[in-house]
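Across the two complexes that follow, subunit A remains constant while its partner is subunit B and subsequently subunit C.
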Partner chain A sequence: MSETVQQTSAARAHNSRISGLEPAAAEAAPPASRRASGGGSVLHRDRRFFILLLLPGVVVSVATIFLPVLYAIGLSFYQANSFIDTPVFVGLDNYVRVLSDPGYWHAFFNGLIYAVATVVLQVVVGIAIALILHQPFRGRTIVRGLALTPYILPTVVAVFIWKWLLDPNYGLINAAAAFFGYPNIDWLGSPLLAWSSIIFVSVWHWTPFVTITFLAALQTVPEELYEAAKLDGAGPLQQLFFVTLPVLRPVLLVIILLRTIFMFNKFDIIWLMTSGGPLNATEHLPLLAYNKTFMEFDIGGGTAIATTSFIFLTAGMYVYLKLFPLEDRE
Partner chain B sequence: MKQPKLIGISRRSFLGTATAGAATLAMPGILRAQTELRYLNHETDPRTVAFLRTLAADYEKEAGVRVRIETEPDPWVKLTTSIKAGKPYDFMSLPSITDPVLLAKSDAIVPVTDIVKEQGIEDFGPRSLSQFKDDIWGYPYDYNSVCLYYRSDWLSEKGLRVPTDWDSFIAVLQTLHDPDNRRYGYTQTLATGGDSSWANTGFLWSNDVRFYDEKWDVILDTPDIKKRTAEALAFIKKTADFSPPGLMSAKLKEVIANFVSGTAAVAPYAGRLMSNIQDNAPELADKFVLGPYVRPKGGQGVVTGGVDVFAIGKTDKVEEAKKLLRWMIKNDKITDFQLTLPLHYQPVQFSSYQNKRWSSNPLVEKYKDKLAVMRSFLDEKETKIDGIQYQGPNYSPNQGRLYNSDLISSMYQNVVAGKMSPEEAVDLGAAKIRELTDKV
Partner chain C sequence: MSLRKFLPVRSGVIASLVAGLVIYTLFPVYWMVVSSVREKAKLFSTEIFPDAFSFESYRTILTLTDFPTYYLNSILVTIATTLMTIGLATPMAYALVRGKVPGAMLVVRAMLFAYMFPAMLLAIPIQVFLVHVGFDDSLISLIFAYSSFTLPLGVWMMWSFLKRFPFEIEEAAWIDGCSRWKAIYLIILPVTMPGVISVAIFSFLLAWSDFVFSLILISRDELKTLPYGLSSIVTAYDADWGVIMAGSTMISLPLLALFIFLGRYFVAGLSAGAVK
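And then the complex of A and B:
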């Protein structure tokens, strides 16, 4: 019991340090109010400097993100065949239409399953690889570099490499399987195999991101925590679950949050591999929004799908951060 | 007389320097004053792109007008967003006969009726002109007719002839299908998306399937058409038994790879496949023949059209852009353009086939038997040209929506995978068409 308390408090103290909230430093620094009363102009100057630093980022974000998002949300209330068509205001009709379409919910759950499956696998495999690469061994630097290769490749290149490897007629994988007497497999030909292939390629491509982030965080875990745990008789697994993971909890939470957002919105891998087929089995919301907007000339329907996806994702992030706050609640 | 000096510089030097400086400052304005046409091109083959660069240089030399070419394989989004952004293109090539009509409805292009009429409307092959509101909105240059390619050497080996109806077609596939030796009867596209909508609908049209009546009412599930469509779907399911693995995800590139590599005996495609054979397997040049899609009981053949056109944007340079198109026609540059890939680009004008420069091209001569078959597709008595873009009473966004949607692929995939009967798939298709049809 006391061991657990000790470990938890050690881990919490460390968390505070890596979050930039080192207790000693926090105590030493004068509170903002004191500084303000001691010299209002300094605070004023700091604020102006702060705004000045923030301004370029805000301007760029507003111009390239917020305005286009607002424009897209605006389009979702209109009916139009193309961006050059004269739009007709239809209120919430597009939302009613897309939300009452079973295809929408099919795509929604497809996206959810894809995001959950790929994030879980990326995190588990990524952490496992990071732990291996954290161990000292000969050639570690080279192996660390090589482990990043899939992440460095542009997505389109990574997908086409795998599409050729998985090709049922000319692919290396089926050729190897045939050599051992296995039958030809159409890796993208059935819903289950298509999903498995997409998830595999997504995990292969993005796991190095988790690995490198986690590996970098591992460098910050003080060695004395492991030494103390060893002295208390903790084995490698106990060290992982009671020292490493609690200490790196904030990093892990951010990794999961970022990867979930990325994977839920991931368009290119699925588009390049199956375009949503076969039998629409791999169609998810980003693909559905694209198809509606650009393939079926339904600008309002497509932007309504994109807007609802944005709302769901924002709500999901809010719930996630409520359940797993990045900073410890004392 | 001695020149007075201004701050130690002679007046002449001062004036000379000032003039040079002013000219330098004015240079961007002078350059801007030169007319520039923006040309959005969707043909991506390096030979065509290189030709267009030469064409631009020649035109600039001759007419003093700069032509800036941008290449984008799928130009629709770039085109519409450029118009929305206030930077429309002056000249463009478009991959569908319906695209110019959509742009015309939005007042984004101008008609080319006068230019087509100068050539004579009767010189253009059937169903090649984008007509809307008594005007023609695109100048066609490539038919892109999807027909059937047969390995003639394999047919001869088995004592077979090019099939003439559905039964003999299946018999040919059955005889040539030898999966143990990695030789398959028929490669086709079944993947989700436009490839299947264009390159694998011939058997629907060969059984006279129609989507709409003259009032845009969907007739796919009316008794007669439903029966015809279900028959065509059942026939496609039969052909699927002779296809190489990977059918559900097969796109056009798989069709090319399967035929060119000798994996499949029969393939549907347009001239691009012939061009690919010449580039990658020239030894097959005399080992294949072409034919239209066959009807259930024989008779007039059918091909699926996919006309490519040039169009003129409604910008402040309409007249300059029209001049460029006229210059291309007058100087036979459209023939030169087609000759960059003579086996790929299927001329739309009857006169092109009489053009000496075209017919004396070494590749045209080498493949003249095949190109003569393609030329015969322009004869309406022999062949019907059909396709999704020809469904309905007139060109509209509806055809574009159906073409890009998963309508065709989902009907085919459900039947081939055994998830639905052909009749159920027709009902699914009809519902999809209704969902995507805008009667307004």
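And then the complex of A and C:
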């Protein structure tokens, strides 16, 4: 996002440069007549023209994003026991009920641990892979492409591949374990193993995003910095920690922020791997919201969970951006 | 310096790291394909390179389940979503970059913020609303629901592409007597094509892969899209892993093909803000 900020100011400068070129009078001329004259007047800026271009997209995004979110917040103040029920206003009751349920906090911390664990692992593994792919070797371009494959696959496919590999009775991984004399392991059977499996599959599936972003950023580190570090006697690890990572800190901060947001919101991978089991052990807030709404038909409760989850996320983003302001970095 | 002695060791280390990386990324995908073409009798075989192949799993999923219907639904919904996203996002991004529209930056920021909304915060109210107005369980509502995440992404990506564009060229075209539309068509469109292709690829990828929205918005079997359809085959038919892997391979094929032929746009899009 730091790059964005930079580009934004560049764009602003660019715009003001153009408006400097433009005679102020053009702004005041009636747009319709100019359009009718077939672009006779050069450098016109027709407000109505741009609003026309903006309007369809704005209408659709308001209808499919902003109104639904407002509607969800509204629903969280009502009680309804089915989709066709007439909702009854209950004020903050849903919030009180939902937040005083220990299951909510269990799910909250599950989600938090899942997000933190997967983000840390994605970043570490992603950087390691990016560093390998940054080395010169034959076939590098092809390997860089291949390394993206897990990210391209639909989540459903990634989950089914790994559920097959991890199958307790016939999976390849247990077959390999048996070969070395280990007993069959039920990879999704206990809370700890289920979480480990979910985290592993998530990291396998989404790490290429970090790899690609970090790899692109690596090309921008000036070679002179490494030369200077080498002259000072820095080894490869010291170069990584004292040159590469500090220079790429802004990129890393953005990657961590974005990955955390998306891992906190991820629903499908856990739903497909365990559906929250065994015995709610892998339930997190999106799953809880889904179950409340579509299994218990408690729409007020479900929307209250979704809303609070989003409030926590926004608060977390706010704290993160206060701690690590992206704005004043290059 | 012992550079000459050091280099072979170093390249040996790199070679084994790269080999390890390729196995880690690709072996599971390879295993999917191999399992899908294994003979039924040998489904649980651990042979890495099977010597006989069978397409029975493909025949099973294509003839005994609704998989072909899911496939058609997915093609329809994905293409419609992609076209709608390009059709709405491109003019929007152009106006946001070019027009002195009041609050343009606010719209851009709102779009970025919207892209972070949890799927549940969107899918639940959309479904409740659709049930209320009696328009639930339809592919059209699914397409519009998909735009709730493809549109913010599309606007954001197009905006990042367009703001780097030297618009002096467009102004030069006006001076040469081009109308506004003609300048967009002749000058802007060709240059922004890479951006449009990237947005198309990501809209395609997101719509094709989506599981959450179809799980929530679709209930009739004949309207399911591939990811949800495949997962319901797994629960409903007690399908064996060969059949599931055949389905998984067929779902992945269009995406892998897209990536092989348009990979560079994919990477360009990733760096321009595709983040999910």
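Just so it is clear, the second predicted complex is superposed on the first by the 265 of 330 C-alpha atoms of A that agree within 3 Å, B and C clash if a C-alpha of one lies under 4 Å from a C-alpha of the other, contacts with A are read in each partner's own complex, and residues count from 1 in each chain.
One rule holds for everything that comes next: a contact is a pair of C-beta atoms (placed from the backbone, for glycine too) under 8 Å apart; a residue touches a chain by one contact, two chains touch by 3 or more.
Just so it is clear, the model here is predicted, and its values are computed rather than measured.
By the touch criterion stated above, A:Pro168 is placed in contact with subunit B alone, subunit C being left untouched. In the superposition on chain A, no contact is made by A:Ala228 with either subunit B or subunit C.
Touch counts on subunit A: comparing subunit C and subunit B, the chain ahead is C. Of the two partner chains placed by superposition, only subunit B is touched by A:Met295; subunit C is not.
Look at A:Gly277: by the touch rule set out above, it reaches subunit B but stays clear of subunit C.
In the superposed model, A:Asp186 makes contact with subunit B only, not with subunit C. Shared-chain residue A:Ile84: touches subunit B and subunit C both.
In the superposition on chain A, A:Leu148 makes contact with subunit C only, not with subunit B. By the document's definition of touching, of the two partners only subunit C reaches A:Gln135; subunit B does not. Overlap of the subunit B and subunit C interfaces on subunit A: residues 83-84, 167, 170, 294. Of all residues in subunit A, only 4, 7-8, 10-11, 14-15, 18-19, 35, 38-39, 42-47, 49-51, 53-54, 56-58, 60-61, 63-66, 68-69, 71-72, 75, 83-84, 129, 132-133, 135, 137, 143, 145-150, 152-157, 160-162, 164-165, 167, 170, 172, 175-176, 204, 208-209, 212-213, 216, 258, 261-262, 264-265, 267-268, 271-272, 286, 289-290, 293-294, 299, 302-303, 305-307, 309-310, 313, 317 touch subunit C in the complex they form.
Contact residues on subunit B toward subunit A in their complex (touch as defined above): 76-77, 80-81, 83-84, 102-103, 106, 108, 182, 191-194, 244-249, 254, 257-258, 261, 263, 397, 400-401, 404-406, 409-410, 413-414, 417, 419, 436, 438. Taken together, the subunit A residues at the contact with subunit B in this complex read 81-86, 167-170, 174, 184-186, 188-190, 194, 274-280, 291, 294-298.
Subunit C makes touch with subunit A in their complex at residues 11, 14-15, 17-18, 21-22, 24-26, 28-29, 31-32, 35, 43-44, 46, 84, 87-89, 91-92, 94-101, 105, 107, 110-111, 114, 116-122, 124-129, 131-132, 144-145, 147-148, 151-152, 155, 160, 163-164, 167, 171, 174-175, 177-180, 182-183, 205, 208-209, 211-212, 215-216, 226-227, 230-231, 234, 241, 244-245, 248, 251-252, 255-256, 259, 263, 266-267, 270-271, 275-276.
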